[in-house]
Amino acid sequence: MNKTESMFSLEFLVRDYECDLQGIVNNACYQHYFEHTRHQFIKETGLDFAGMHKDGINPVVVRAEIDFKFPLTSGDIFFVYLSVKRKGRLRLVFLQDIYRKQDEKLICQGLFEVAILKMGKPINPDSVMKLIQEKFHE
Amino acid sequence: MNKTESMFSLEFLVRDYECDLQGIVNNACYQHYFEHTRHQFIKETGLDFAGMHKDGINPVVVRAEIDFKFPLTSGDIFFVYLSVKRKGRLRLVFLQDIYRKQDEKLICQGLFEVAILKMGKPINPDSVMKLIQEKFHE
Amino acid sequence: MNKTESMFSLEFLVRDYECDLQGIVNNACYQHYFEHTRHQFIKETGLDFAGMHKDGINPVVVRAEIDFKFPLTSGDIFFVYLSVKRKGRLRLVFLQDIYRKQDEKLICQGLFEVAILKMGKPINPDSVMKLIQEKFHE
Amino acid sequence: MNKTESMFSLEFLVRDYECDLQGIVNNACYQHYFEHTRHQFIKETGLDFAGMHKDGINPVVVRAEIDFKFPLTSGDIFFVYLSVKRKGRLRLVFLQDIYRKQDEKLICQGLFEVAILKMGKPINPDSVMKLIQEKFHE
């Protein structure tokens, strides 16, 4: 993804508890940043992760690829950019890049393949993509 | 609590991701250690936290008091000791102490008041205490 | 603390990964919210948690008391309010209350006794309190 | 990796606080499991993550690929298997698979490319690989 393809972005501030004994943000926290961005993006379409769960619909990540380019550390402010497209019949692919705010340094790039499960079975994500396209004029 | 009153204990090893940029275990992780110990204790009685939740029964901590005596750090092995008693009509009080294994140093002392909610309303914890007493011959 | 005594506040949004299988924010996350608020407050005075650590100065929580009044859940927006005072010669006491934004419902009240360690020994927090008072006209 | 190639394994029990509002282990926790297993493996060679950090040596993950096959949930016991090999001149590749204990179901497969930084510059991992081979007779 380059930034111009981004459909959505969210600003974060590193919290000290997210840093580990190396003094940098622990790898697992990036998945939290990516996940929170996806959920906020989905919310903008009118859907809602917790609400979907109550209806028996659960988006799940089936594959993640993450390139850690440069570490975030205490006090850093950063943006997570997001775009999404279809992959095959049953998957969505989210591309998510993290840039540090102060100097636009590329920090981390993530790719997340997501399936949408209804009662445990993957369903076609057409209706979700339609809501996304209506909202974000992809 | 002194150790002889302990009804249950669980051994843990500090994981590096639990340490923060001070190089010591982050305070919030102690609540994780305490919670996991309570849940394993409850499981020994034949109850189960996740299962209770599905039945609409949710134990919730209503008050916590934690004294941080000495920090845990990377590689430390420790025990969480636990005892429980009634408080008033509707609460259980868990006393939980953490000792480092190598030298039996007292690390942290916690007190947790727990209410048991059924559909959001506190219920009498008699049946839970009975199971505990049968199992642990308090 | 009542809100009028608050010296500082910070707005948060619950992130879905902070909710546990009960569907509500896990207790340990409140300590994260409280800690992040303290660190942002300290930063406003010109000090900085990560920077202090590099200089061998480490504020540490020695005692926490937390009353959980009502759970936060997915999507909730809330404020953490903070005030601080001296306790004895060597401790600071932070009072921190969490209120839900939509209806000003009291969610959680915390009290945190903090010692400031320099090379592992507690030091007098006068200089820190002076910076706080200059900044926040207590 | 198939299990026979595994050089090291570690047993875990899902802790309830690792489950999110879907009732399953949150994706980020898998990175914690994978990281803890790598650190315990490294420790077996006589090295130590926290100790290396104090000497200015920091292994860092530069790329992660994770396939989430089936979710772990409350109470599950599982193993993380690990093997490691060289990639190019400057990287190690850890292959890590998670299997549920009760039925040997494949849960998650991870690949982690790691660089070893000394004062921020990547160094040749020969000495680390030598220690690993001596210990684990690869």
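In this document, chain identifiers A, B, C and D correspond to the written order of the chains, with residue numbering beginning at 1 in each.
Note that contacts are C-beta pairs under 8 Å (C-beta built on N, C-alpha and C of every residue); 3 or more make two chains touch, one makes a residue touch a chain.
The shown structure was predicted, so the numbers you read here are calculated from the model rather than taken from an experiment.
**Q** State the chain with the largest centre-to-centre distance from subunit A, centres being mean CA positions.
**A** B
**Q** For copies subunit A and subunit B, work out whether under half or over half of the interface numbers are shared, and give different or same accordingly.
**A** Homomeric contact, same residues on both sides for the most part.
**Q** Out of B-C and C-D, which chain pair has the most contact pairs?
**A** If we tally the C-beta pairs in contact for B-C and C-D, the bigger total goes to B-C.
**Q** Starting from the mean Cα coordinates of subunit B and subunit D, work out the distance between those two points in Å.
**A** 29
**Q** When the C-alpha atoms of subunit C and subunit D are each averaged to a single point, how far apart are the two points in Å?
**A** A distance of 34 Å separates the two centres.
**Q** Quick one: report the Å distance separating subunit B from subunit C, using the average Cα coordinate of each chain.
**A** 23
**Q** Which residue numbers or ranges of subunit D touch two or more of the other chains?
**A** Within subunit D, residues 16-17, 19, 21, 23, 26, 28, 32, 35, 49-50, 74 contact more than one other chain.
**Q** Please output the residues of subunit B touching subunit D within their complex, sorted ascending.
**A** Residues 15-17, 19, 23, 32, 35-36, 39, 43, 48-50, 73-75 of subunit B touch subunit D in their complex.
**Q** Would you mind writing out the residues of subunit A in touch with subunit B in their complex?
**A** 16-17, 19-21, 23, 26, 28, 74
**Q** Spell out the part of subunit A that touches subunit D in their complex, as residue ranges.
**A** Per the touch definition, subunit A meets subunit D at residues 21-22, 26-29, 31-32, 35, 49-50, 53, 58, 60-68, 71.
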